[in-house]
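Down below are the structures I want you to see.
Below are two complexes that have chain A in common, paired first with chain B and then with chain C.
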Partner chain A sequence: MYNFDTSVILESIPFLIEGIKITLFISVISSICAFLIGLITVFFRTMGSKPLKFIAVSYVEIIRNTPLLIQLYFIYKSLPAIGLMLPPIGCGILALSLYTGAFISEVLRAGINSVASEQYQASISLGLSKFQTFRLVIFPQAIRIIIPPLGSQFINAIKNSSLVSFISVTDLFYRVYKGAVDDFRFFEFFITGALIYMMLTGTVALLTNIFENQFKIQGRSVKA
Partner chain B sequence: MMHWIDIAENYDFLMKGLFITLKLALVSVSGSLLIGIILGVLRYSKIFLISWLAVAYIESVRSIPLILFIVFIHFGALPYLTGESSSFFYSSCVAFIIFTSAYIAEIIRSGLNSVERGHIDAAKSLGLNRMQRLSYIILPLAVSRMTPALVSQFISLIKDTSLASTIGLIELTRSGEIIYERTYHETEILIFIAFIYFVICFGLSKLSAIWETKPYMCTEHREPIGANQ
Partner chain C sequence: MITFENVSKSYKGLNVLKNINVTIDKEEIVAIIGPSGCGKSTFLKCINGLVPVNKGKIFVDQIDVTAKDVDLNKIRSEVGIVFQQFNLFPHLTVMENVTLAPIKVRKIKENESKIQALHLLEKVGLLDKIDKYPEQLSGGQAQRVAIARSLAMQPKIMLFDEPTSALDPQMTQEVLDTIKTLAKEGMTMVVVTHEMNFAREVANRIIFLDRGQIIEEGSADKIFDNPQSNITREFLKSAFKKELV
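== the complex of A and B ==
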C-alpha cells in the first residue's frame, strides 16, 4: 500500500496558494478579455461588412483548429522577433484570451442565431441602428440561452490556464509539478492539485447555475 | 528573413512526428469510445452505487486539466503500479483515454436523450420489444445525432495530443521543438506545425458539417446548446 504522507502537503500550502492566486489572476483576466473579444468577433461576424466578416471567421477558425500549446509557444517565442516583448504571464493571458475568445464567439453566435430573425427585421424597421439592435434587442434575449455554455468556457479557461506553466509562469500546475518532483511525492501533490482545480471549476459551475436562475424570466421557458 | 528551408530539410522528421500524432489520436479515440460507451450505459444503471460512481468519474475528470493527468500518469501512477518507467506513448494513451472517455460518455448521454419520446412510444405501439426499439429506433437516431459532437471531440483530441510533447513523446509538436531548439527559427516551424494541425482539424470539422445537413438530424426537436448541463 502506498504510504500517503500529508505532511509534505501541509508544509507546501503557502507555496500552492501562491500558485492558485496566479492561476486565478490569469483565468479571470483572460476570461474577461475573451468575453470582449468574443462579443466584438460575433458582432463583426453577424453584422459587419464582408471584409470584417472574413477576418472574424478566419480568426475563429484558425484559433479553434490549432492547439493552444502551439499558440502559446508562438506568442512566447515569435512575438519578440517582431519587437513585442511581453512578460511570460502577459503572453499567457494574451494566448488564453485569444483562444477562449474564439470559442466564446461561437457560443454567442449560437445564442444570437436562436433569436428569431423577425425580431431583427422588426427592430431595423423601428429605426434602431445595427448596434442598437444588437445591444437592446438581440443580446438580452440571447444571454439567457448562452449562460450555461459560457460558464463551461470559463471553466475551460481555468483548465487551459495550466498550460502557461510551459512558458515559465509559476502557476498552480507548475507548483504542483515542482512539489511532486522535488519531494518525489507524485500522489500527494497531484491529488491535492486535482482537488484544487475541482474546487475552482466547481465554484464557476455553481456561479453559472446561480446566474442562470437569476436571469430566468418567470413563466417563460428558455428554449431555442 | 524567413528560413523556410528548415522545414524542407527536416520534412521526414516532421512527418514521422505527424504519424505518431495521428497514431496516438486514433488509438486514444478507439479506447475512449469503448470506455465512454460503457460509462454512458453505466450511468443509467438501476444500481445506485454504479450510476453514482459513473457520474462521479465523469464529473471529476471533466473538471481537472488534461495536463495533470498526463504528467501524473507518466511520472506517478504507471511507474508505481508497474514498478518500472512506462513508455511515453503508452502513458499518453492511458491519459487521453481516461480524459476523453468522460467527455464521450456525456455525448452519448445527450445523444440518447435527444431521441424524442414520440418515437419510442410509436415503436412501443407497433409492438417492438425493448431490444428491437433500441437497435432499430433509438440507436440509429442517437448515433447519427451524436456524430458531429463525436467528431468535434476527436478534433479536440488531435489538438490535445500536442500536450504529450511535454512529457517527451516525439510527436508533431515535440519534433518541431527539437528542430527549432537547434536552429532557433521558431516562427517558421511553429507556423508550419500549426498549419498541419489546422488542415486536419478544419477538414474534419467541414466533413462533419456536411453530415449535419442530413434530413434525419431533425434539429428542431433538439434541446438548445448547453441546456442539458
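== the complex of A and C ==
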C-alpha cells in the first residue's frame, strides 16, 4: 500500500505559493492581452478592409493550427537572434497571449456573427461609424453569448501557462515537478498540483457564471 | 432632394433595379408599391447607401451617394430609415435607443438629447415606456420607438421599408397614424408599402415598380383610378382584393 505523505507537501507550501503567483501573473496578463488581441483581430476580420482581414485571418489560422510549445520555443530562441531580448517570463506571456488571442478571436467572431446583420444596418443607418457600431451595438450584444466560451479560453490559458516551465520559468508546474523529482514523491505533488490548478480554473468558471447573469438582456427571459 | 440617374443594381446576375430615373422633391411623400421581389426595398436602401449600386448615380440633397469618396455616415445621419423588423437595439432601453445616435453622432449633450427624446416619445405616444427594453414592447410600440429613434437625428428625409408588414391590423393602424402625422409636418418621405389605402391617403405620388423597373408613376388618383399599364391594373386588383379580406 502506498504511503501518502502529506508532510512533504506541507513543507513545500511556501515554495508552491511562489509558483502560484507566477502562474497567476502569466495567466492574468496573457488573458488580458489575448482578449485585446482577439478584439482587434475580430474587428479587422468582420469590418476591416481586405488587407486587414487578410492579416487577421492569417494570424488566427497560423497560431490556431500550430502547437503552443513550438510557438513558445520559437519566441524564446528566435527573438534574441533578431536582437530582441525578453526574459523567459516575457516570452511566456507573449506566446500565451498570441496563442489564446487566436482562439478568443474565433470565439468573438462566432458571437458577432450571431448578432443579426439587421442590427448592423440599423446602426450605420443612424450615422454611427463602423467602429461605433462595433463598440456600441454589436459587441454589447455579442458579449452575452460569448461569456461562457470566453471563460473556457481563460481556463485554457491558465492550464496552458504550465508550458512556460519548458523555457525555465519557475511557475507552479515547474515547482510541482521539481518537488516531485527532488523528494521522489510524484503522487503527492502531482495531485496537489492538479488540485491547485483546479482551484484557479474553478474561480474563473465561477466568475464566468456571475458575469453571465449580470449581462443578461432584460425582458429577454420574459418572452424568449 | 433625391435624384436617381440611370441606376441599375444586380445581385448575382439578377437585375434588381434596371435603369431607374426618378426625382423626389422636398416635402414630397412618395409611396413605392409593387409585387414582392420587384426591387422596392433595394430602391429604398440605395438612397442611404445600404445597398451599393452597380451603375448610375444617386443624389441626396445634391450629394452623390454613389461617389467613392462620399461620407456615407454623414448622409445616413440626414436620412432616417425605418425597417420592417424594427431593428431596435435589444440591449438598450427605449430611451437609450432614441438617444444613442444623437449623443454619439451629433454630439448633443445627454440631457438635451433626453429632453428631445421625451418630446419624440410623447409624439408617438410611448412616454410610459422609456425605461422598457425592446423585447418588452408590442410590435406596434417597437415600430413607433424605431420611428422616434430615426426622428431623433432630425433627418431631412425619412425612408420606410414596409413599416407595417410585420404587424397585425390594429398595430398597423397605430404605426400608420404616426407616419401620417409626420406627413402633415412636411417631412420628405419615401414609403415602401403594401397598404394601398394608406398609400392613397398619404402619398403625393405613387411609383409602381415591377421587376426592377418603374412601370408607372403619378398621383394616387391617376395610379389607382386610371392605371395605364396592364401590369399595374393586375397588381392593383389583387392588392385590393387582399385588403378587402
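Note that in this section the second predicted complex is superposed on the first by the 218 of 224 C-alpha atoms of A that agree within 3 Å, B and C clash if a C-alpha of one lies under 4 Å from a C-alpha of the other, contacts with A are read in each partner's own complex, and residues count from 1 in each chain.
The rule we apply is simple: contacts are C-beta pairs under 8 Å (C-beta built on N, C-alpha and C of every residue); 3 or more make two chains touch, one makes a residue touch a chain.
This structure is a prediction, so every number in the text was calculated from the model and none was measured.
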- Task: Considering only the touch criterion stated at the top, classify A:170 as touching first (chain B), second (chain C), both, or neither.
- Result: neither
- Message: Looking at A:193, would you say it contacts chain B, chain C, both, or neither? Reply first, second, both or neither.
- Response: first
- Item | Dominant toucher of chain A (residue count), chain B or chain C | B
- Using the touch definition from the top, say if A:66 reaches chain B (first), chain C (second), both or neither. first
- Query: Regarding the shared-chain residue A:46, is it in contact with chain B (first), chain C (second), both, or neither?
  - Reply: neither
- Return the residues of chain A at which the contacts from chain B and from chain C coincide. 222-224
- Query: If you look only at chain B, which of its residues touch chain A in the complex?
  - Reply: 60, 63-68, 71-72, 75-77, 80, 155, 159-160, 162-163, 165-166, 173, 177, 180, 186-187, 190-191, 193-194, 197-198, 201-202, 205, 223-227, 229
- Message: Help me check something: in the complex, which residues belonging to chain A touch chain B?
- Response: 2, 61-62, 64-71, 73-74, 77-78, 81, 107, 110, 114, 145-146, 148-149, 151-152, 155, 159-160, 162-163, 166, 173, 176-177, 180-181, 186-187, 190, 193-194, 197-198, 201-202, 205, 222-224
- Task: Over in the complex, which chain A residues touch chain C? Could you list them?
- Result: 116, 118-119, 121-129, 132, 136-137, 140-141, 144, 217-220, 222-224
- In the complex with chain A, residue positions of chain C that touch it: 48, 50, 72-74, 76-81, 83, 85, 87-91, 100-101, 104-105, 132-136, 149-150, 153
